[in-house]
Structures are given as C-alpha cells and as structure tokens.
Amino acid sequence: MSFQNPVFIPGPTNIPEVLRKACDMPTIDHRSPLFGSILHPARAGVRQVLKSDAAEVYIFPSTGTGGWETAITNTLSPGDSVLVARNGMFSHRWIDMCQRHGLDVQIVEVPWGDGIPADRYGEILKADTGHKIKAVLATHNETATGVKSDISAIRRAMDTAKHPALLMVDGVSSIGSMDFRFDDWGVDVAVTGSQKGFMLPAGLAIVGFSQKAHAMTASAALPRTFFDIRDMDKGYANSAYPYTPAVGLMNGLKTACDMLLAEGLDSVFARHTRIAGGVRAAADAWGMPLCATSADVQSDTVSAIRTPEGFDATRIVTHAAERYGVAFGVGLGEVGGKVFRIGHLGSLTDVMMLSGLATAEMVMADLGLPVRLGSGVAAAQEFYRATPAQSQKDAA
Amino acid sequence: MSFQNPVFIPGPTNIPEVLRKACDMPTIDHRSPLFGSILHPARAGVRQVLKSDAAEVYIFPSTGTGGWETAITNTLSPGDSVLVARNGMFSHRWIDMCQRHGLDVQIVEVPWGDGIPADRYGEILKADTGHKIKAVLATHNETATGVKSDISAIRRAMDTAKHPALLMVDGVSSIGSMDFRFDDWGVDVAVTGSQKGFMLPAGLAIVGFSQKAHAMTASAALPRTFFDIRDMDKGYANSAYPYTPAVGLMNGLKTACDMLLAEGLDSVFARHTRIAGGVRAAADAWGMPLCATSADVQSDTVSAIRTPEGFDATRIVTHAAERYGVAFGVGLGEVGGKVFRIGHLGSLTDVMMLSGLATAEMVMADLGLPVRLGSGVAAAQEFYRATPAQSQKDAA
Amino acid sequence: MSFQNPVFIPGPTNIPEVLRKACDMPTIDHRSPLFGSILHPARAGVRQVLKSDAAEVYIFPSTGTGGWETAITNTLSPGDSVLVARNGMFSHRWIDMCQRHGLDVQIVEVPWGDGIPADRYGEILKADTGHKIKAVLATHNETATGVKSDISAIRRAMDTAKHPALLMVDGVSSIGSMDFRFDDWGVDVAVTGSQKGFMLPAGLAIVGFSQKAHAMTASAALPRTFFDIRDMDKGYANSAYPYTPAVGLMNGLKTACDMLLAEGLDSVFARHTRIAGGVRAAADAWGMPLCATSADVQSDTVSAIRTPEGFDATRIVTHAAERYGVAFGVGLGEVGGKVFRIGHLGSLTDVMMLSGLATAEMVMADLGLPVRLGSGVAAAQEFYRATPAQSQKDAA
Amino acid sequence: MSFQNPVFIPGPTNIPEVLRKACDMPTIDHRSPLFGSILHPARAGVRQVLKSDAAEVYIFPSTGTGGWETAITNTLSPGDSVLVARNGMFSHRWIDMCQRHGLDVQIVEVPWGDGIPADRYGEILKADTGHKIKAVLATHNETATGVKSDISAIRRAMDTAKHPALLMVDGVSSIGSMDFRFDDWGVDVAVTGSQKGFMLPAGLAIVGFSQKAHAMTASAALPRTFFDIRDMDKGYANSAYPYTPAVGLMNGLKTACDMLLAEGLDSVFARHTRIAGGVRAAADAWGMPLCATSADVQSDTVSAIRTPEGFDATRIVTHAAERYGVAFGVGLGEVGGKVFRIGHLGSLTDVMMLSGLATAEMVMADLGLPVRLGSGVAAAQEFYRATPAQSQKDAA
C-alpha cells in the first residue's frame, strides 16, 4: 500500500496529522470520568458545528447509514408516511431503508443533477391536510451528483403549509464543510458521519435531534436497540454509554470540532468554496459540464464531471488508480459511467488539489479525451492566485 | 490523561503496539482493490479464529451489541420465540433487546455466578414439540460474573431434543481468548467485537453465520438495513461494502488474526488460562471467593471477586482509579457493589498482571479490608513461576 | 518484539504517549520559521529545567557522550589539566575521553559506591596555586553505581580554594529527575541527553554553558566542528542550525519541558524520590544492600543492588529478560557481576515499579537466591501507601 | 503547523508512512539481543545500498556533518594533506571542517555549477610524487547546485597516478537515490545521513569504510571519541554500542533498506531520474536554466533553477511558504539569491511533484516573473505520461 498521494474521493477525506494522533489512543476505562472528558466536549463541539443551541447530539460507533436508521427508528412507527425526493444514489438509499422499515414513502422523482424542489414539497404538504406525513427527508448535499439543495427553502415550504412533520436532513457530505444551520433552518434531525467534514476515519454516526424530534422517541414504534437514543440519554447523563464506545474516534471528533471552531466555521466554508472554485474552473477549461445543472446547486465538497457522450467515465477512475496511484470517485446509479467525481472536502489545500487536477488531465489525455495538458491546472491556478486563502495562511 | 499503567478492565484490553499501528492508517479508497486486500484476509482470519471452515463472517462498524442485533434481525421475525438464560448483565441485555424487537422470550433464570443449565434447556426444548422456539441464545462467557458456560453441552441438549432451533452464542468476551469451536459445537451465529480477544479499540461488531442461519435471512421479517447481511453479501462479492467501512480497524482485525494464528490458538488460550490462574491464586490468598460458583465455570478472561458482606465493592474500583490510576471493573446489576472485576484478557503478561494484583492489595488495605500486603502477589508469583510461558518467550 | 512490559533500565526510560507523538513528526522545512517555533521554546525549556537564568543551551543530534565532547572541546586546549574523580563506569569513560583528547587528567580514585569527595577536590585545588587545572569534572549521578554526589559541596570547595577552573557536571541521569541547580551551584557546563529525565528516545545531546564557559570557546584549541557551539550560536540567532536538526526529537524536547514544568520541578523530583523509596524498601526487605555506601548518596533514578558474594548478578538480568520479558541493568566495570540495577527514572508509576519488583523476586527465587516471594513487594506497597502521590493524581 | 502539502526541499524528504511507524518505537533495552536484531540488518542493508561486499558500516546518532568528521578523524593526523574541490556550499563546508581540524587542504576551485574536474585531480596527484596527499575528497552530489560528479573518473585519475590516497566521498544527497558503487569505484569512505535517500528523519550519520581506510584508524592521530569507529567495532562485535543508540531511527534505517532493496536499487534510481526529468522539462518550459552547467552533471535528486538576472530568487521560497505553505530550497553561498532549489528525492511521486511545479508557477506569476501558468506543469505531465513508472505501480 502506498499512501503518498492525497485521495480525491468525496470522503473519507485526507486525515490531518493531529486527528490521526487524536484517534490513535491507548485504552482508557470508558466507565471512568476520563470518558466524560471526551464525550461531553465532543457532543458540545458537534452542536456548535451544527449551529445549534439545543440540539441533542448522539454519537454511535457506526456510519452515516446508521445515522439515517437512528433518525427514522427513534421517531417513526411502521406505516408512517414520509416525503422524500430521489435525486441521486444517497437519497435513493435512504428511501430504500425507509421502505425496508415498513414506512409509507412518498417519493418525489427529480432529475439527477437537480436539487430538491422545495415548491413541489410544499404542494404535497399542503395537500396532506390530514398530516399523514410524519417526516420530510432531504439530502442536503447529494454526494453522487455534487448537488446541494436549499434546506431553508424546504423549511419555508413546510411552514407555509403549516405542516407539523419533522424535517430530517442528510448532511453527511455537507456538515463541517458547507454552511449548515440546524436551528435557523428548523432542522429536526441532522445526520452525518465522522469521515467527511470532520476529516476522521469512518466509524461514527453523528446525529442531532431537535427537542421536537426527541419528544417522539417515546411513541416511535419502530424496533431498535443499538440505535436507541433513549439508552444513549441514560448513559450520557452519567458520562457513560450503553455499550463500549469508540473512544479514540470520539477523541478525534472532539479534536476535529476544536479545529473547525478555532478556524471559524465561516472560514472553513469559505475555504471549501475556494478549493471547489478551482475544480470548477478546471472543468470549465476542459469543456466538461458538471452534473449539477445550475450554479446555485453546485456542491462545494464534491464535483461530478460529465464526460463526453459515449465515453465510459469509470475508465478515468480506474486508470488514475492504476497508472498514477490517485483515487477519484466513480459515477453511481443513474449517472454511472457518465460522470467521474472529484472530492474536495475536508483536509485539502489548493496545492494538493492542483495535483489532483494535473492527474485528471494526464489520465484523460492517456484515454484519448480532447483535453489540453495544463489547461485545467492553469485555470485553477489563476483562480487560486486571485482568491486569498486566509485560513490556510493562519494554519501554516 | 495518563496512559502509563495497564488497564485491568474486561475489555477493551491493552492494545499491542503493532495493532495500534495497523489501525492508524491513512485514508485509502474503499472502492479500490486495496480494500479487498484488507477485507478478505480479515474475514478469513476471523473464520479461523472461530475454528470454522464455512462460517460467513460479517464485520460492521459497530460493537458487540450491534452484533446481537445482527444475529436476531437477520434470522427472526416478530413474535418468534427464543430461549435464553439470564445469569448476568450481558445475557440480561440481550434478553432486553429481544423483547424490544418483539420476540417472545422464554427466560431461564439462573443464579448470577452459575453457568447456563444445559439440562434445563434440554427439557424445555424437548417440551417444545411444535418447534415454536426458533433460536437458543447463550452467553459463552458472562463478563459480568466471570462465568463461562458449556456451549457444547447446549448443542448436545439441542441434538438430543432433536430441536431445529438456531444456536446463537455471545462470544464477546471469549472468542480469541478462550476455546471456541464454531463448527464442532454446531454454533449457528457467533457474536463478538473488536475490543476483547482481538485486542483492538472498540468499533467493530464481528459476527459469524452458519449456512443454516444464513439461509434464514430471506424470510426473517425483523426490519433492518444497517445490520442487513444481505447487503454485506452483495458488497463482499465485489470487495466492497454497503457503506463506508472502518478500514483502519479492519486492517487491525486482519493483523490481530495474523498475530493470534501465528502464536497458535491453543497457545493463546493456554496463555489466558495461565494469567487467570495467577489471579485466582491471589483471590484465594486474600480469602475472597470468586463470583463463579464452581471451578469449571471460572472464566479465563475476567474474574469477579466477591468482597466481604457489608463492604461496597465499588469503592475498590473508585479508589484504585483515583489513588493509583488503575482501572478495574465494577460489579453490574445483581452483583453491583458485591464484586469487583479484574479483566485479564487480550494483551497482558504475568508481569503486568502482578502490578494489577499489587494495586488491588494496596487499595483493599487502604479501605480497611483484611488483606495482607504481598499475599496475593506471592501466590500469583508462585503460580507464574511454576507454569511455563512458552508463547510469551517466543514473542519476546 | 514484545513491548508489553515496562523497562526498568536506567535510561532510556519508558516514553509517555504524548512524547511518542511529539517526536513522530512529518518533515518540515528546517530553514523555515516553523523551526524557530520549536528550537527556541526547547532551549528555553531546558534552561528552566536546569534552574538557570542565563545558561546558553545547545542541542545536538547526538548523545550524552557527545555532550561530554562538546563540554571539553569548546573550552579546553591540548595539554590542559582537568581534575576528575573516578567512582563508576561513566566517570571512567569521561576520563578516557579527556585522555584521548590529549588533556592532562588528574584522577581522584574513589571506591565505586562512594560519592565524589569534595574535600579531596578542595585540597588538590588549593595546592594548584598556578591554576594549571582548567576544569573540574563531576558526575552528578553515577548511573553505574546508583550514587549521587554533592555538586554544591564541590562548588564550595572550589570557591574556598578561590580556584577559577570551570565546573563541568555530567547530569545525564539526574537532570529532569533529581534536583539540579545550574545557577545556584555555579555550574559552568552541564551535560545531559534526551533519553533520561526528558523521557525521550536517545538522540539528543543537551548541554548548558555558563557565560564564563562560553567565553572560553574563542581560545579553546581542541579541534571540533560537529560539536562547535560557535556554529550553533550563529545558527540560533537566525532560528537556524549549522546542519540538519533532528526536528522531531527537538519537538519532543520542547514538549517534555512543558510537561515537567507544568507538573512542577519539585513535584517531579518528589515523584522520583517516592518511586525510589519503594525500591529501596524492597531491597532492604530482601536483605540486599545497595551499592551506594550511605543513605545520602543513594540515587533517586537508579538503584544498584548488591547480590550475595559468589553469585553472578548478571544472571538476574539475563533470566528476567528471557523468562519474563523484563529489562533490568547489569553491573558495569568494577561492579560487573556484583550488582544488578533497577532504573526508576522518567515515566514510571508506583504501580509499574511494583511489577518490576515482583519480577525481580520471581527471578531471584528462580535462581535460588534466598528471597521470600512478595516480601519486597509488600515493603514497597507499604511505602507507596504511606506516601502521597500528588502529581500522579493530578496527571490521572 | 500544517503538514498537508509535501515538502520539496532537498532533504529531509517526505517520510513514507511505514518508516514513520518503524521509527516510532517504544523503548527497548539496547543491551539486550533485541538490539542486535536491528543493528546487524541495518548495517547489512546499508552495505547493500552502497553496492559493497566488504565495507564496514558505522551508524552514529548524528548527521552527515558528523559523518564527514568520522571520515577524517578516523583516518588522518594533524598536518596531513587532503585534496578537495570546492564547487558548492557543501564541499565548502567539508573544506572548512578539514581546516579546523588542522589538515593541510589543497583546494581546487571550481565554478559553482560544474562538476569535479577529475583530470585536474589527476594532474595534482601525479605531481604529488611524495604522496603527501593522504586523502582525496569528493562531493558526489552538490546539494547546493544540483550537480553530480563522476566518482569513477576520479578513481581512474587516482589509479592512473598510482596514488595511494584514500578516496572519501560525500554521498549525502545521492546514496539511496542515485547510482553509487562503493566497491566498483574504489571508494574508501562514503558518508551519508538518514534524511535523504533513506527517507527518514535526520539524526543518523551513516558511514562506510573500506578495509584500507579501516586500517588507518590505528595510526590516525586526530582526536576523537564520539566518532571513534574503534569503539563502534568493539560494540558491534557484541551487538552493542559504545553509548545509547538511537534505536528507533536505526529500526527505520533497517526498514528503509528493506524497502529500497525490495524495490530494487536500479528501479529506485530510475524512479528518481524520471521525477527529475519532469522538473527539468518544467524549468525548460519556463525558459529558466539549471545551475548545473551541462546535462551530464544534472542531479537526479535536486534541481537548482536560475532565475532572471536582477531577481532575488529567495523571494520565491519565502512567498511559496507564506502564500501556499510549500517549502522549496533557497540558494546558498555563491548562488544565494540566484537560484531556488526543488528537491526531488526520496519519497515522492510524479503526482506530488506536479503540485510542486504548479505551486512554483503560481509563485513566479505572483512575483511578476514571465511564466505562463500551466506551462511547466504541461511539460512535466507530457514527460511523466511518456515514461513508465513501473516501480510506483508495484508499490501501489
């Protein structure tokens, strides 16, 4: 295994040195007060990253998928209706999970590349005068298409319809990298994992519950034990845990929050926007459109780039790995073979990104695509030169 | 945080240097062939540690509790009957999980300190002529009481009763440390975690399924997604995973299996028996009985030691932590305040164990218990001197 | 290689987790300002540990032996006289170095086990009316015999004799663990390494120069380049170094100073006295005298324990390593085969020490020495129980 | 401190993950057989990397500068003559060291940018009929100018002159990265450090002695103790060391040799030639000449690039560090301000190198130099695409 080149997948991200060390911890007694000195700051840190004052934060040894399951099983009962849009592979998977758990899923089909249509949500909710819909699900950032959606617009649609459903948001590839406002947007359940904006290895599901969502756990009839937040509540009150916690990763999470908050969330988001800007400039120079169908839905954490008709985009990912030892993301589901993805979230610099773009150019040239060497790099260089990198300078 | 002294809790164990390093891994692309070079050897290694030829091994970013949930949700349906003994806190918790998932749980109450009564299981199974019982659950090693049970006897009881129920075994604190024979004992589902015999940080649920258990997943109606082995099956076939895997921990698991198998499983078990022998000799010298009510059920991975009537055993654990920086385990549930527990599994030497026993003596003397300083240590020293430590010598 | 048991050699010590991580650093540009942010605090920290206001501190990628060479080559010229006592292997080696460098060495032979006779130094210096002696050398703590000497007494003898010679002190196994007062004692050159009181891996020579010693570098005619402090002076002024520095170790040194100073030097010294007290109590219980011939010269960092006449003490060290995987120190030079040494400096707790004592007992019993199992452990337990471990408690 | 971007200084290099871990070792007893299991393979590995059958290899806790001192003090006596060319800062420093140690240094002044003139050496040696010259010194690769010299030609000149002087070679920035043939070239002393071709942190001087050079240590009268190979010889024979060794770094050296030899030395060299080729292609595209005055002296480990007359090249290094967090090397001595240096040795890929070149372009554009963005990157990309990277592929 060679670990020399950075990875450019949309998570797990490159891991900062300090987080590698925070996670790599000797065993402590998780029933001792030491554990509380990790648990409580980690929860408080996540709450701040969520921009929330009152969210209850839960941390499971799991992944974002486990976070989704936590969200639905702690609030819903078999047969409950949920409203959700399908505009990419990850929203598709959440839908699948809901169906497997016996929920009645009202799906809004959306072209892959578009954001979630808040107005369509609004119409459906308005029509649901009996309030059969118990939860509205939204994927903030579709990792499969590089598309962000406007969660505040969805909240407005819900409020306009005066609909009491919970708003559950998959923020797996946005939280900690892109602006996310749990309180302002009236989010009821937010789901993420450790391996994206928090720049840690995979292994933690991180979930925030509003007081309204939290209140539903008593009546929620979907069976659950591992993901039951009631056991977590009991444990947390005693600086404890219902089973053995993943202490090292939680210590990493605490440290990651410290890092993000010390840099300043807005600086973190601006940094992501800047790195993404270089990637978009490069794609433009290559003459290749993003999967995201308009500028306002372009993600700052991942870009899905459409390759010319008839070309199998997966070849780019395979060739980059085999010839240059560089990892990009393949297209998934409906856009499989049609896009390749460049992840640009978490621990990444303009300099690292340029090596990814330079690699993509070599790969595309090797495979016969009409890309001029250096063209995308030059566009990104121009972009990076023109935009200040304040926070990076501070960190150096 | 000071990490100087070893921990003597019954898991997570002290982590060997080589496993610390195996887990502390830079990010790789989990969708690349590299991941397969970790996944497949890890699964094959676990299979060997289980002493099985054909078990399907599943590895989740979770814990033993998640392993229990994997076991029941992939094989059972709401309303199914299961037979299970309660003889400690961990069997109690599995029972609780079954009840929360809507199973009909037939509980055999057993004094805490006793093993599972195979004959009682046999009678109940014989009486269940309609084969309403779909699964027999057994905790191989009750971590709360330091009691092991005879799984082969349970299998014999099932066979004698010609009962087709699945045999599900919680081997969380036995597998990798004490003899466990998946195939010989006809185990259908075995559950463990990363943080015990595998000497890793917590964060993985590890579950083995027999072909018979595996066949039930199609009809099992308990809802599941995160723990659904069908998604794992699909992924594994392509060296992939249904969500982001905990790659570093899995690399640690692969390395841990290599270590255990290189030492030889029987040597590993003998090593645990030897370390445990010193602890039992010390308890005997102190004049304190084990919670385990007979020699044949004494666990080789954890000893629960009964303190004199009227003394709150929890004070030992608190004082050891506060005054000497040493972690022991408290009593749980029915034996709360009546026992303290010394974990002696995983990465531990006779020399390390002696420091734990010496600490326990100081603590008990500090708290006014009638323990002569050096008495337990001397008994353990005598025991360790008299018994060869072959594998340790080899490892040095 | 097994790293489970602590080491009980008189350095290198067990390394604290935080220092392992401080040393394990990715490459930085040692010609960038980053390097200054390590270099200057490391030097300032060492100065404080030396209890000096004005000492110039030099840090070389080397060891204590290189520190000795730094001391003599930067201050002396061929043919210069130096006065030095030989009371153990390390003072012997420094003498040997002086002779190899063409110095005229006046040796005071002292029984191994005794401290340096300050009165004898005084007489010789008084007799040296022509001030032919340019430097007085003293080993503060003889690692070979576990004997400390009274440096302030030597300074008083020099002052009484009104002798202008430099006072050079080998503090390799004392600085950072035992009281050392550069300014108060009028030390001119103090020498140590990274692997003792600073608890780091070997690889740094650390040397303090008084202004008086520093002034002699211009005229000192012994050839030197690698160890020339004039090149260091030039470099330091620019946050630079005359060659490539060992950045990771220096970062470790900076962190180690932070740790020692945060704990408080007097607390650090009291901690060492306490750990040593337990070892001495154990030796006493075993009926074995220390090599140190009186209580006032007993070292707090290493104890050399005399075994019965006719017994080869080296067998203890060999057997402990082979049978129990524990490292003690052998006797060196004149006391070879007559003593074995227990190192008790740096990162060590009472709990860890007890495992070393318990091991020594098993080893001695195995080899037929008349030691009662548990006897030394009990004596040490009693000692540790009776003495508060304030700083340890704070660290926990 | 941010460690995200690779460094592009000519050593220390980026450190491979596996070497980070090999160096980061808990304390072992360096007087136990364990140490021999590190020492002997490390020495044998270095011997193979030197392409020698019989060289005695010495490893000191020091740096290349200490290696130079080892070379001269173990073979020469005050007043001895040595012949040496000055063609850069590092040859200059070795000359300075010889002078400080009282040697009679015959200097051949060479334009910085040229290699060592073997013919000029030959003439001087031929004229030295009295064999007053005891050693010929040669810097294989001048790190300051990016110039390699032909050591075999120097050996031929010595042989032609039938001159018995020792041939001492500074291979600090070549050994392990560029072809070096200790035996074939008749090298008598070869000097290097841990932080270049061996890809480790700084902290080891590594020196090879021919039997002829080794024989001179008995009569060499320059004073030495720390660097005395006679003490090393005595130690090595017993798997020991004359003082405390830097065990972790030596374990790293053992592992680094394993890595280099597993890849194959010729593959390692070819890999360096390839990476260097891209850098040279970029410099050419920028219209900037190398400091190396002809293609046959261009180094494969470092390129010194001349900036336009009147421009202070140091600004590039400063701006790259401050604005982009990237480290290049400044010009030293005679070429200070006239060149900036790109290190391309050790652990580096084409992909990483492209990020360095892209950064250099942004920096030069920022500073107003007439460099077209992407131009050098494109030239390097073309070069890398056209040349296979066999070994990299194998490593992946």
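Per-chain residue numbering starts at 1, and chain names A, B, C and D are given in the order in which the chains are listed.
Following the convention adopted for this analysis, a residue touches a chain if its C-beta (ideal position, glycine included) is under 8 Å from a C-beta of that chain, and two chains touch if they have at least 3 such contacts.
Just so it is clear, the structure is predicted and the values come from calculations on it, not from any experiment.
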**Message:** From the centre of subunit C, which other chain's Cα mean sits the farthest off?
**Reply:** A
**Request:** Could you compare the number of C-beta pairs in contact for A-C with that for C-D and name the larger?
**Result:** C-D
**Message:** Report the inter-centroid distance (CA atoms only) between subunit C and subunit D in whole Å.
**Reply:** 35
**Request:** Round to the nearest whole Å and give the separation of the Cα centres of subunit B and subunit C.
**Result:** 46
**Message:** Centroid of subunit A to centroid of subunit C, CA atoms only: how many Å?
**Reply:** 53
**Item:** subunit A residues counted as touching two or more neighbouring chains
**Value:** 1, 3, 14, 17, 24, 26, 321
**Asked** Which positions of subunit A touch subunit D when the two form their complex?
**Response** 1-5, 14, 16-17, 321-326, 347-352, 354-355, 358-359, 361-362, 365-366, 372-375, 377-378, 381-382, 384-385, 389, 392-393, 395-396
**Partner subunit B, residues of subunit A touching it in the complex** = 1, 3, 7, 9, 11-15, 20, 23-32, 34, 37, 61-66, 68-69, 78, 96-97, 100-102, 193, 195, 201-203, 222-228, 242-249, 321, 327, 329-330
**Request:** Please give the residue numbers of subunit A that touch subunit C in the complex, ascending.
**Result:** 17, 21, 24, 26
